[in-house]
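The two complexes that follow have chain A in common; it is paired with chain B in the first and with chain C in the second.
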Partner chain A sequence: MNLLNEILQTILSGISVGCIYGLIALGFVMIFKATEVINFAQGELMMVGAFIAFSLISFFHLSYWTTLLLTTLIMALFGMIIERVVLRPLVGQPIFSLVMVTIGMMIFFKSVVSMIPFWGTDTYGFGTPFTEKLVRYNEIIVSWEHLSIIILTLLLILALFIFFRFTKMGVAMRATSQNQLAAVYMGISVNRVFSLTWVISAILGGFAGILLSPITFVHMNMGLIGLKAMPAAILGGFYSIPGAVVGGLIIGVTESLAGAYLPIGWKDVAAWIILILVLVIRPYGLFGTELKKKV
Partner chain B sequence: MRFVMKKKYYEDIRLFKYRSTFFWYLALVTGCLTIPIALDDYFISILTFICIYAVGALGLMLLAGFTGQVSMGHAAFFAIGSYTAAIITTKGGPLLLAIPAAGILAGLMGIIIGLPVLRLSGLYLSIATIALAFIVEEILVRWESLTRGNLGIYVESPSIGPLEFSSGISLYYLSFVVLIIVILLAKNILRSPTGRAMIAIRDSEVAAQAMGISLPKFKTTAFAISAFFTGIAGALYTYKISFINPESFTLLLSIEFLAMIIIGGLGSVHGAIFGAIFFVVLPNAIILTKDYLPKFVRDQTGLEAALFGLMIILFILFEPMGLYGRWLKIKYYFETFPLYKKDTFKREKSYQKVERQ
Partner chain C sequence: MSFFEAKNISIRFGGIRALELVNFDVKKGEVFSIIGPNGAGKTTIFNCINRYYDLDEGAFIFNEKDISRVRPHVVANLGIARTFQNIELFRRMTVVDNLLLGRHRRRRSNLFAEALFTGFVRKQEIENREKAEDIIDFLDLQAYRDQIIENLPYGVQKTVEIGRALAMEPELLLLDEPSSGMTLEETEELSFWITDIKEELGITILMVEHNMKFIKEISDRTMAMSFGEVITQGTTAEVLEHPEVLKAYLGEEDAFTEN
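Entry: the complex of A and B
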């Protein structure tokens, strides 16, 4: 019984970390579906979001929920600016250039954050309404911080699902991801779709940052977690929104199990080993469909 | 502008397009061999690093620039070459064994890893190679009986018989000679059927297959050759800095190699060299100019990385063909002096079309 509880406990904390991976992976998937680009700066978007939330709470003494709202707005603006300044001029260039630009942004954001006064290279934390509150069920103890991650992730995914299924803009985005030229002929503004894609990804990044910071704290290397979300996205198939979340959960749970029961070191590579296995056995992921290349 | 009438097929693939080109390169090589005698240790060390990174960048250029397979895990091959050379040298093996062994082992790893991974294309391959780089890094940390883990390995200066490479300048000559050999190898591979097949795969996989090119065979070959060159660069790197530990071979190194070939100019041998020069000179230029900068800027440790990231973005936005492309444009401007057209090098844009549900 004791062992079972321990395992359940490990799995639960894995799920909450997995939700973060899922959120970042969702950001990857959004941008990949629309533009076929993997945004390596997604983890850095999360870091920037976390830093903004930290400043709002610590320097301006705003409440948690106001901060959540304001960070979302600021991140939306940030995503829009990135798209307009860096990505828009590159539409139609080889994919590799676009990916490399996001890698450049990844390095740039990280070092710029380290230069900003009051942010810098130190580690920060901030209090949330969930800090130091626990939920107890039999012998399993879950902190509200972990629960809040799971609940907020679920709400976000629901919102995204409704957006893509029932709104006109969501349908336009799906159309653009299938065929840009046909979407243009149908009167969809592809530029606006791209812009919105980046806005949504940046918001997802900001959310992930706020949710993650009680667990790992706010520091300039937070973005590295973003790379771990890549196996999650691949596992889910890279085109599929539910797939990204499920992939994130699988990676999160595997990692926390590996951290608890395997020798040291396995935790860090577990995600990458899964990634290679998936790519070798089922390259189109759990939820993807095989794509045939046409000339 | 010169026009050469080609009468034989061989004239199309010879190493030097014009006879004068050969003499210019001869002059360049002579210059590189003689001038360092007059330089001090600091500049010789910069030149050595340029040679080392150029070898590695050339390896990645063959893969990414000429075969179209972007690897983001070249730090892994660099590390394998580095550790092979370090272990052989500390066990008392000769230099003439260590450097080729480093290359060959990295190349073999390239094949072993390449076979399953190369079924993938495009970005999936890039991500798989990232995974590879992380796994190799973790193995280097954990396999302590062989690699000494985080403690790292200290390497003594190598020697060929009585010839000892202990001073900066002798290491420079070693790296330079290796670089020349690697450049010649790369140039010759590129004009052979293998190289032609690689370029065909880059331009269109479907068309290449239709021409009877076996994709797995040539992709694996390209991966192996690329890993071989990068491994050799790793070996030279070991001798240059004489102390290695896993922290030198992170994802950042892979990204730096990619940045080198992009800044240098994708799809040209010159590009790899230009990229390496740019990459080595930039941080040193920052150090040299630091005294003249305002104090606030001077104290930033992230300055170098920020500039580096910015450079990648700016180059892709404004000079996608890189430094070599800029050099070609300047040359073309003067060759056709009053008649230069601005759009000579313009590339056509393409729309994406992915068929999926």
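Entry: the complex of A and C
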């Protein structure tokens, strides 16, 4: 029973970390689908979101839920500004330039965060309503911290699903990712679609930041986790929204199991081994579709 | 005042004069065709109307409004729909979803009402779906209704594109080589549809076309172009008989007599 409990715990914490990988991977996929740009600053968006949440809770003494809502709004605005100020002037430039700009943003955000008083290079934490609370079911013990991550991620994904499935702008965004030219001729403003894409990605980043903070704490390098979300996105096929989430979960669980049962070091390479294996078997990712050209 | 008018439009790409002081007007309820050899600037006119290119000179007047400086997506919202020479559909969506996207400009949006699927949103959704079904019936697309575009034959895709444009309920429909790549039967069917679109739906059509037989059948007036300039325009019969047009299409008369 003890061993079972242990494995269950390990898997559960893997799933919760996987949810965060999934959220960051979703951010990658969203921007990639709309603009074919890989946003290397996605992890840093998460870091900024975590710092904002930390400040709201520690300096302004707001409740966790108010913080969640406010951080979402601030990140939405932040995403909108990034698109308007940094990316829109580059429309029509080669994709490579845009990717370079996202790498630039990654470095820029980190530096700025390290210069802001009370943020800086230290590590911070903040309490959540779930800290140190446990759910007991017979012998099985589950921490609320992990459960909350899973539940909140599911809610966010449900909201995204409804948005893309049923709303006018959501449908417009899907259409734009398939054929920009045709979308314009349907009366869809591509500028608005791009803006909204960044807004959603920034919100995803912020959300991931808030959820991750209790586990890894808040510090300027927490965006590096983006490097682990990248294989999650690739695993899912980089075009697929469910793929990103499933990819995140697979990587999270593997990593967690490898950390618990394999020698030290395996934890960090596990994600990449899985990625390479999957790409050997399915080069277009788990959820990607093979691109065929008719001749 | 005419319904749609091109006034002295010119555009240059580097040293090439793609369009040079082109003038024409389209009357409400007619089919107006533009013909000419490759590179005459026919599709360029469409791309200028759609604001894909900026005109160097001149203007398009649509319903007494200058539309040559509006933002690209606004053109659709003003009531101008278009099809393309090389199909531009949403390839990974079904036929019916493509048609529903044509309804974008007719759809009023309110994020919260949409998320909650309130009565107003439901009513709007029903309207849009009814309109899409009407078009499926009109163009005989029932058999393909739920299929993904990628898997459909070329001619069907072209028809879906016309359907999507109709879903927008436009006042003016731009058709870029609607018959190209279609079989003989498909082309015949197409000429019926275009006549129906004009007569039953009251939509004005501006069309670029190569198929002379097709143009003779359905076009009310025609304009012939060559190297960015208008050769002649008038009723279709007149234009097709015009010596310059014959020359542009068939070459010098000597070319035939010499042998």
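The rule we apply is simple: the second predicted complex is superposed on the first by the 290 of 295 C-alpha atoms of A that agree within 3 Å, B and C clash if a C-alpha of one lies under 4 Å from a C-alpha of the other, contacts with A are read in each partner's own complex, and residues count from 1 in each chain.
Heads up, the rule we're going with is that contacts are C-beta pairs under 8 Å (C-beta built on N, C-alpha and C of every residue); 3 or more make two chains touch, one makes a residue touch a chain.
Since the structure is predicted, the reported quantities are computational estimates derived from the model, not experimental observations.
Looking at the shared chain after the overlay, A:L73 reaches neither chain B nor chain C. By the touch criterion defined above, A:M186 reaches chain C but does not reach chain B. In the superposition on chain A, contact of A:V135 is made with neither chain B nor chain C.
More chain A residues lie in contact with B than with the other chain of the pair chain B and chain C.
When the shared chain is aligned, chain B comes close enough to touch A:L279, but chain C does not. When both complexes are overlaid on chain A, the residue A:D268 reaches chain B alone and has no touch with chain C. By the touch criterion defined above, A:I7 reaches neither chain B nor chain C.
When the shared chain is aligned, no partner comes close enough to touch A:L158: not chain B, not chain C. Of the two partner chains placed by the overlay, only chain C lies in contact with A:M169; chain B stays clear of it.
Taken together, the two structures place residues 178-179, 181 of chain A in contact with chain B in one case and with chain C in the other. Interface of chain B with chain A (complex): residues 64, 70, 116-117, 119-120, 122-124, 126-128, 130-132, 134-135, 138, 141-142, 205-207, 251-252, 255, 258-259, 262, 266, 300-306, 308-313, 316-317, 320, 347, 349-357. Looking at the complex, you find that chain A touches chain C at residues 162-163, 166-169, 171-172, 174-175, 178-179, 181-182, 184-190.
Contact residues of chain A toward chain B in the complex are 35-36, 38, 86, 89-93, 95-97, 99-101, 103-112, 114-115, 121, 177-181, 227, 230-231, 234, 239, 265, 268-269, 272-273, 275-276, 279-280, 283, 289, 291-295.
Looking at the complex, you find that chain C touches chain A at residues 50, 71-77, 81-82, 84, 88-93, 100-102, 104-105, 107-109, 111, 114-115, 117, 164, 168.
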